[in-house]
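Naming follows writing order (A, B, C, D, E, F, G, H and I), and every chain is counted from residue 1.
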């Protein structure tokens, strides 16, 4: 029962953050949501007893994907006000 | 404008630790969670940490792109050559030609639940190191290449 | 000629050898006609300069019929069809993805329900 | 019913990703949608291999030998790395496109059409 | 119209994927003979305590080579795309 | 000794050689241009030889099994695993060997064609390495007998293809095409992976033979079938999802375009493999067969009708590639639709499939040739706009000859290879449904019409002032085109031999699901 | 050469910490130690120039490490507890008076500044916003600026820390 | 007696969901980064507790990876927020 | 039994601090004050959670004597150090970036703005 509650909470968080990625028009906010999404996904992997995958997701999702997205966001904006779609 | 001096010092202090941890993950790939990709990504993150903390000029002076590219190619070559040696040893491609031979990485493994010995695993540790080198080079090169576009004239 | 066999499709047959001979003959005839034309053409003197209805012929670049001018009638006749099909190729990636997942949904319905 | 929540969550993630791809017009946002789809597929893969009461398939200090299926985890690992490679390649394309076109909107990216 | 079609399609896909989720049984795989073999024999055949690494590098090592190749491809592609051209060469036109 | 080693390990070496070559290319490229070109030639030739060795072995002794990492490579099963394979298995039957043979051949030709680098083209090392990687992707896709391995090679195929399409970045149009291609391919790849996950979750295996044996065709299998078929058909460029094809084919360098055609056909192979071997008779084959037929007919018609008003020569050819893909889908789809009826299958189904499969190789040859001629023209004139070209027949005679051969072949004019396969398709499809056959013939006529237009626009007309400097292309380009033209003619002249020798075992292997399973699982 | 050695030894120690409990030589097995030495050398070669960027080797002395440990479980921990109780009360009551003040601890080395900034951030309702590299002035965001401190141009250490004189401790450790 | 570890886990996940309110509302990007940082800390705690709750010591490695690598993501976000890139 | 009580208290303190931190993040008016709550309270909470884990590990080690518990404790300690270290620097980086992005703090005094104007 407790397992189910824990898993349900994480999955709710996962879906909420995925929804935020969709919802935010601002790219920077979406990138931050993507970071949260990545964290929670890694936690979910850990609950599903996959520590290898969790480490990979953590190492790549937390550091590198964020960095790549940020660099791309920075490369595709003219001025600070032009973030939005 | 770059990150403050504090961040730079902190990144410098953190870097050896991240490197050691990355190598730990790579080398202990066959015993604990982790392996080539994960460790390589962690080591690459150490370089990314430096890249984010320092200015472009410093990075260009002190991190050599050629070195990283060579690391990547070296890792790939080591990987595929390790796999090809199996053919010479008379077993199929990707065969584990080192396991239980008693030589390097060839100690017979204890069966069942045990903490494990570093010196086991046959070709698995070698392949871990190879993939680690490859991933480390690849990820750093990706970030550096993208950074060059951002700071070019965008 | 054991090498050149007849292609047997189960319904008909096709002998490449016959066709090869036919092609060679056709090429030969074409070459003959062309060579006769070449020799009959007058050379030298003023008559070499071409005239079109008494005017100077347009330069070489202008006489060439561009690709857009060919099959104008065809495309015009099928205007209704082209007016519908060409805008579908809109060049927008979103549309491409939409078509893809639309077909996916269709196949799911076809495979899952039927 | 409630036991299946990881599968259902994976499905919802994929759908959210696809919706992001088809309703948002910023290229980077679309790439993020693709990454969400990939995460959903990863979650699906890992959830497929779970066994009730199983532990991680690592013999170092595992409490028991009742383990979850290892193959899917290896596949997920591979897919994660493929995912980052794809994301990086797509984002570098987006960067170049922004440089050449001056816009990262998918609706402006239609020099190829018809 | 397009909007309606879009959401209809998304609804169909969502429905089928969710039904897929309900179709599989979580936690109780129907067959598990291949993975059971790996868990039972992985340690003695490959010498690694971490079965996932055994699978990654031994049983399915070729996948890993392919995956490393994907990464190499991506790096080459990024290098190719982001290379700085000496000039705006190759007169390239498109109407 | 070396021959035995070579033939015993041919499936592994087939992949290992181009991979090693690709990894080493950046290093060798530092030595200069000539060593690099020689290296690429060596690697592609070795790959071709290996695939030929493999093909000889497959055609003489039956399917070849290669188990990666096992003590004995031909032993697929592990004794105490309950009789299922554990490791990755390459299952090379006649169809796979045939695809691998001509894919590696076209790869070699494309590499040779690329040797004369343009005036100011940078990044050639990366270009050649990616070319080899694309070859790796195609070969892996056609040889593997493992679903996840198939996905991995699909991704290599997509990424290498996309990166090569983006090779000319100077005005950004190529990058736009590459982005579209990479995006769609990745999405399709992920959906394929989802299908693989569904199959794995039910049957706990990734081997195609094992899954085919255990297949129950429940709801999940149907969804997986839809995902696999749609994703792979999208990669192959069937019509409602073909939009990326003209963009990509027209923007890639020409040698790459010729090779991308083969890459698409590897996906087509995936469609056939999924439909025939993975699902086989458990599938409701009539529905799916008709689905493939409809896709084929749509592809034929929309492709050719969109080609007629085009002004860009490569874009026009790309639409024709879509159209020709329709023929293959039509032929094999007819075979699928009658799969369950042995009488009909024997009387015309197999012929239709042979026609479709023969058309695959023919299409690779003549469409490759056409794209290469387009590349040669672009190499010399710097434009691909049909309205601006003209009068090149005076200065590029060899190119004109090769173009004529290719154009006649694609239009199905008798002595060339296009006619042979098209004839097989027409006649067998006529027995299935006359209407489809008539549509196919109409499409063929329209193809001829559109190529007459191209021929007139490029080569006919008086010599143009602005192309006064234009001369014939360098020898490697001519050699590449010449080889393909020669093959186009030869395949047209000796169709029966080729069909008997290569095509009909391939079609037989595709239909015979039982022997595929038996080759892995032992006797049933 | 010296930086490389120092970094290598640090890396080796870190590796030993990570792999403790692996075997019979005290806590470690022989392969682990060999691997540790190799990794230490590699890491030393790679990261010495970043790890010892300031150039002075003062921190290499073990005594300073002992002092650092004492500092972190002694004064720092007490301050952290006090600060957290303070912040917790403010969270509940909502009684805050924020502001940014100046503070000159008189530290010169980068490491000292880093330690102090971390201490400030982790302790009393304060947060380092900016450090002036030339003058060594800290700009500190305080959750609750006292009357005296708000008036003064330059605050004292006693305004920021409650029980201990942190800058003095840091100076003893790092300078 | 209730298991303290699982209870702590549930509470941490509820806290993560609460912090996501700030992630959603946060008027500016730095607010969202703050939320990300908090979620990251909670995640590390959750992983550590996992290791104890499931009796698997190997999980703790994941936590270290997390603690170190999320720092990089935060730095990148801060760099973009401060227009430093 | 004693060990369990200690563990229980540690976890309770940690969770309480974390909860208060979340409350602070939700209640405080601007970025800098939220950062206060986040950095201090969550770090404090994690310190106490880790202390609870270390207490548990020690009690188990003394009772059972398995060497792996030492590994667990040491790794927890390392994670804790890394967490505290990076949290502090990260908070500094965020606040500095926020200030540079032009977000003015609400408050009674702002010495930094005087400097920037000069």
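Here is the rule we use: a residue touches a chain if its C-beta (ideal position, glycine included) is under 8 Å from a C-beta of that chain, and two chains touch if they have at least 3 such contacts.
Because the structure is predicted, anything quoted here is derived from the model rather than measured.
Peer 1: Would you mind checking the shortest number of contact hops between chain E and chain F?
Peer 2: 1
Peer 1: Across the interfaces B-D and A-D, which one involves more C-beta pairs in contact?
Peer 2: Most C-beta pairs in contact, of the two: A-D.
Peer 1: Counting only C-alpha atoms to place each centre, which chain is farthest from chain H?
Peer 2: C
Peer 1: Can you compute the centre-to-centre distance for chain C and chain F, using the mean CA position of each chain? Integer Å is fine.
Peer 2: Chain centroid spacing, chain C to chain F, equals 24 Å.
Peer 1: Provide the C-alpha centroid distance between chain B and chain G, rounded to the nearest whole angstrom.
Peer 2: 29
Peer 1: Centroid of chain E to centroid of chain I, CA atoms only: how many Å?
Peer 2: Centre-to-centre distance between chain E and chain I: 37 Å.
Peer 1: Express in whole angstrom the distance between the two chain centres, defined as the mean CA positions of chain C and chain H.
Peer 2: Going by mean C-alpha positions, chain C sits 64 Å from chain H.
Peer 1: Tell me, which residues of chain G touch at least two other chains?
Peer 2: Each of 18, 21, 114, 117, 128, 130 in chain G touches at least two other chains.
Peer 1: Which residue numbers or ranges of chain B touch two or more of the other chains?
Peer 2: Counting only residues that touch two or more other chains, chain B contributes 1, 3-4, 6-7, 10-11, 14, 17, 21, 25, 31-35, 37-38, 42, 45, 48, 52, 76, 80, 83, 93-94, 96, 112, 114-116, 135, 139, 142, 145-146, 149-150, 154.
Peer 1: Residues of chain D that touch two or more other chains: which are they?
Peer 2: Correct list: 3, 5-6, 9, 12, 14, 18-19, 21-23, 25, 27, 30-31, 47-50, 55-62, 65, 69, 71, 73, 75, 77-78, 80-82, 84-86, 88-89, 91-96, 98-99, 109, 111-112, 114.
Peer 1: Name, in rising order, each residue of chain A that touches chain H in their complex.
Peer 2: 2, 5-6, 9-10, 12-13, 16-17, 20, 26, 28-29, 31-33, 35-36, 39-40, 42-43, 46-47, 51, 54-55, 58-59, 62-63, 66-67, 70-71, 73-74, 80
Peer 1: Would you pull the chain E residues touching chain F in the complex into a rising list?
Peer 2: 16-17, 19-20, 23-24, 29-35, 37-38, 41, 58-63, 65-67, 69-70, 72-74, 76-81, 83, 85-95
Peer 1: Sort out for me which residues of chain E touch chain D in the complex.
Peer 2: Going by the criterion above, the answer is residues 6, 10, 13-14, 17-18, 20-22, 24-29, 32, 34-35, 38-39, 42-43, 49-52, 54-56, 59-60, 63-64, 66-67, 70-71, 73-74, 77-78, 81-82, 94.
Peer 1: What does chain B use to touch chain A in their complex?
Peer 2: Residue list for chain B touching chain A: 25, 33-35, 37-38, 41-42, 44-45, 48, 52, 139, 142-143, 146-147, 149-150, 154.
Peer 1: Okay, in this complex, where on chain D does chain A touch?
Peer 2: For this pair, the touching residues of chain D are 2-3, 5-6, 9, 12-13, 16-17, 19-20, 23-29, 31-33, 35-36, 39, 42-43, 46-47, 49-50, 54-58, 68, 73, 76-77, 80-81, 84, 87-88, 91, 94-95, 98-99, 104-105.
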